[in-house]
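Inspection log for the structure reproduced underneath, given as structure tokens.
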Amino acid sequence: MKVVPLQKKEKVLGKVYGKRRYDLPLNNNENTRFLVILIALMSFLATLGLSGFFTLGAMAERWTSGLKNNLTLEIPAETKEGRLLSAEEMTSLTQAAVSILSSYPAVESHTVMSREDIQKLVEPWLGEGTLSAAAFPLPGLISVKTKPGTERKSLEALTEKIHSAVAGARLDTHESWLRDVLRFTGALQFAATLLLATIALTTIIAVAGAVNARLSVHRADVELLHLMGATDRYISRQFQRHALLLGLAGSAAGVAAGSLGLLAIGWMTGEMDVNLLPQHRLSLPQIISTATTPLIIALLAVMAARQTVLQALAKMP
Amino acid sequence: MKVVPLQKKEKVLGKVYGKRRYDLPLNNNENTRFLVILIALMSFLATLGLSGFFTLGAMAERWTSGLKNNLTLEIPAETKEGRLLSAEEMTSLTQAAVSILSSYPAVESHTVMSREDIQKLVEPWLGEGTLSAAAFPLPGLISVKTKPGTERKSLEALTEKIHSAVAGARLDTHESWLRDVLRFTGALQFAATLLLATIALTTIIAVAGAVNARLSVHRADVELLHLMGATDRYISRQFQRHALLLGLAGSAAGVAAGSLGLLAIGWMTGEMDVNLLPQHRLSLPQIISTATTPLIIALLAVMAARQTVLQALAKMP
Amino acid sequence: MIRFEHVGLRYGIGPEVLSDINFTLAPGSFHFLTGPSGAGKTSLMNLMYLGRLPTRGLVTMFGQNINKMKREDMVAIRQRIGVVFQDFRLLNHMSTFDNVALPLRIVGKPEKEIQSNVSELLEWVGLGEHMNVLPNTMSGGQQQRIAIARAVVTRPRLLLADEPTGNLDDEIGERLLSLFEQLNRMGTTLVIATHNQMLMDKFPHPRLILSKGILTIEESKFNLRKKLEGLF
Amino acid sequence: MIRFEHVGLRYGIGPEVLSDINFTLAPGSFHFLTGPSGAGKTSLMNLMYLGRLPTRGLVTMFGQNINKMKREDMVAIRQRIGVVFQDFRLLNHMSTFDNVALPLRIVGKPEKEIQSNVSELLEWVGLGEHMNVLPNTMSGGQQQRIAIARAVVTRPRLLLADEPTGNLDDEIGERLLSLFEQLNRMGTTLVIATHNQMLMDKFPHPRLILSKGILTIEESKFNLRKKLEGLF
């Protein structure tokens, strides 16, 4: 990573933020470099962490959205005793189930699956065209879509209703699969959150630490300025400007590097089947939060600096 | 996080490492605290990152181990023209395929799947007992296990051989699914590696930065000791001891916190189905690398300190 | 200008360094401050430039009671005081010129005025050739002269100099004392802490003598001699 | 003991501060080093305590050629030299006692010996009550006395003191000079840089006079007077 040439940037930003040079040797110290790199590394991690967080959210959403409000109602092709049902019997049972579904308020829509639909469903497991020709009995499958926010209780009531009308019918809510996926992505998101929190903490501590170090190194000089009649604002402004520049330079570099890292990861996973990763990887909140990271970090830095300096000055009469 | 009381620890470790107190005010500076916290945070992240890396590796291993050397050979139940094959025809085709497989060197074992096996395969999609009763024709499925390290070329040759003997046979290598899973976990592992590298870099930079800062703050004092006739070893030893204590204290705290974090994540995912996460979450390499993290970080710190100090001293006559 | 009434000072929980100091300095006066090492000269100066507040007693500066003053008003007072610190306190990262220019920049003087004023003053103290040099590459005496230049560049109403000639040979020492005299004639009140008996003897200024926390004022022997001469 | 032959020194790309310095100091000798401010007294001392290497010429210390010396041997030589720096250079984070004890600790003296030696010396320079105090809470003169105590505590073979009385009143100044004389009588070679004419006049030691980068040696007027007295 290239270290941002601070001195030069300062000239530019100095014009914007206040034209005077430093009375304290804040800018030409070796430490500055380390702090900038540190902030850059943290911003880099923050970018990755943020992206990971959002991607995991989208993944969970995608994996479960297909299942969440979808049920499958299955009408077996044989009785409990093993007798095959005739086509007419199947049709009447299906009709009964459909009429219950149609009148049930929590059901948004339902579709009786055709032979072809079922064929598609088992294709990955049994191979193409397996069932197409033979006229053998298949279970009746009805795909059911419930209204968003439907409660488990309501589903249980539905199950009972159908059971009493259609013996042996099964309502598959995909629950165990859903639970697993949500737990898994939830754990990953928790890790990402931990990462982000750690990064924020590290940044604040690094900046506060650096300002504190500067201040203790230059305490005598700060006191001298104070004794010469410099106002508190005059002195703290110098530290604030310093912190602003460090924060901006470091975090901009870090976020840039982080975005490159994301591109690399994206490229690695880019040709993957869309089954696993969501397609829209840059959501609006993600873009906004990534773009504002440097600003937030710079702001944190400035506030830490201001607070530290004013506190120290307040101790002098 | 509680900051480790350095002064006290120093008394203990001072006895081990060398009994004299510091000639330079390395221990009672405010910065020390910040550096310890920083190292702790980095070790915390390193613990999580390491664990993530290993877990992902185990996950990929587990997800793919079942598929990697397994093929499925499918013999369709009907001809291209749609004519159903008789049971005899199926048997002879199966026999032909089996004899090829038996003589092929890359094939370790093969099993002709029974009706019940196939039933189990489609169960999650079509429901229990769907196919059990009806005596309708099913495709012939042969599960094939190849020797580890079998090349793609050899598989292609096998495919051709079977094609020529059994018209319409299909050899499913599960490749697309495998590729997806490996890409996905590979991308995550890449992210974890990035994280670990960033952490290592951050730690080195933070320590080198801190030692540099100390040194520039105390340059006059170091020069004074030098002029009084102190040897280079005498001076650098003080910085090394300081770095060792900081590194150990910080990273021990960080790894402890990281382990707690892992426990929390483990607890969150603990009740999950074993399908997604591997069961043996603490592998030996993981335990070793986690336990040695503090030592490595402390060593890094000591070396950074030593190098920095001796370099500065070499400039004085 | 300066008025101390029953002023006492102690550092932390230590003994009283100054106890019951009473004196008044008229505007435009010139005093030496002397006394044995450790008597409290620097401490007394510290009170005068508002570096510390007394632990007891009343300090009046420029007619205002320090104890009741607001923080902002102290800034204004400090800007009217020039100080030569015993240990110089130069900023080692900026040039001699910038060090001397600093008090002017703090009060926001135009850069043009600063350029000419500072250059002229540095020539005068014999550092014209060292303007762009960092203080820590200068000799002890040169640094002391920078410190003096920085203290007088604002033409302060009050000038406090702590041992300003400790590192200077007698010739330069006298030269700088004459600069102080000149400032005094233009209205600056001066207090100069020194151990240098010879120096004090050359100037007809009264002495504040500090000993065991108590201050006494003594007319200069120079003056006494003149008075005696007038008598006979 | 010390021998300079055609020694020159320049800082960075600046002008030569010292040019063609030639002198020899015999073991056990006592010299004052004087000259105007900025003449190079501190720089010359810097060469003598191996703080810098000359840019040209030959320096021989304790019979060894500095230019050809190994790093380890320099350490041994430095341990035999005591230095009073013009700006004291005390360690502000440790007590007066520890500051003075430091050179003894560096050479690994037993702690018991250190305790008694340091305490006694501090009593002698009038800082017995300030042993456990940090230097930056002390007056200028007190700090200077700590610096002197630290320089003499090892009974060095060579003692270099740069303006050791700049912050001291005449009484304490003379007291310390007598300490130096005592060391000298016990075999220590001394070089004392000072501007203080009065002080030099009181002691019968030759003077190294530095001016424009050149060193000349002048017998003390004190000695001359004695010689003259002897003549007539």
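Each chain carries a letter (A, B, C and D) given by its place in the written order, and its residues are counted from 1.
Note that in this section a residue touches a chain if its C-beta (ideal position, glycine included) is under 8 Å from a C-beta of that chain, and two chains touch if they have at least 3 such contacts.
Quick caveat, the model's predicted, so the values are computed rather than measured.
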item: Length of the line joining the C-alpha centres of subunit A and subunit B, rounded to whole Å; value: 22
item: Centre-of-Cα separation between subunit D and subunit C, whole angstrom; value: 30
item: Distance between chain centroids, defined by C-alpha means - subunit B, subunit C (Å); value: 69
item: Multi-chain contact sites of subunit D, meaning residues that touch two or more partners; value: none
item: Interface hub residues of subunit A, defined as touching at least two other chains; value: none
item: Touch-based graph of the chains, sorted into line, ring, star, complete or other; value: ring
item: All chain pairs that touch each other; value: A-B, A-C, B-D, C-D
item: Residues of subunit B that touch subunit D when the two form their complex; value: 20, 23-25, 28, 220-221, 224-232, 234, 317
item: Complex contacts: residues of subunit A adjacent to subunit B; value: 29-31, 33-35, 37-38, 41-42, 44-45, 48, 52, 74, 76-78, 82, 84, 118, 121-122, 125-130, 133-134, 136-139, 141, 170, 172, 176, 179-181, 183-184, 186-187, 190-191, 194-195, 198, 201-202, 205-206, 208-210, 212-213, 216-217, 261, 264-265, 268-269, 271-273, 275-277
item: Sites on subunit C touched by subunit D in the complex; value: 11, 36-42, 86-87, 137-142, 145, 162-163, 166-172, 195, 197-198
item: Subunit C residues touching subunit A - in the complex, by the definition given at the top; value: 49-53, 71-72, 74-81, 83, 89, 91, 93-94, 102-103, 105-107
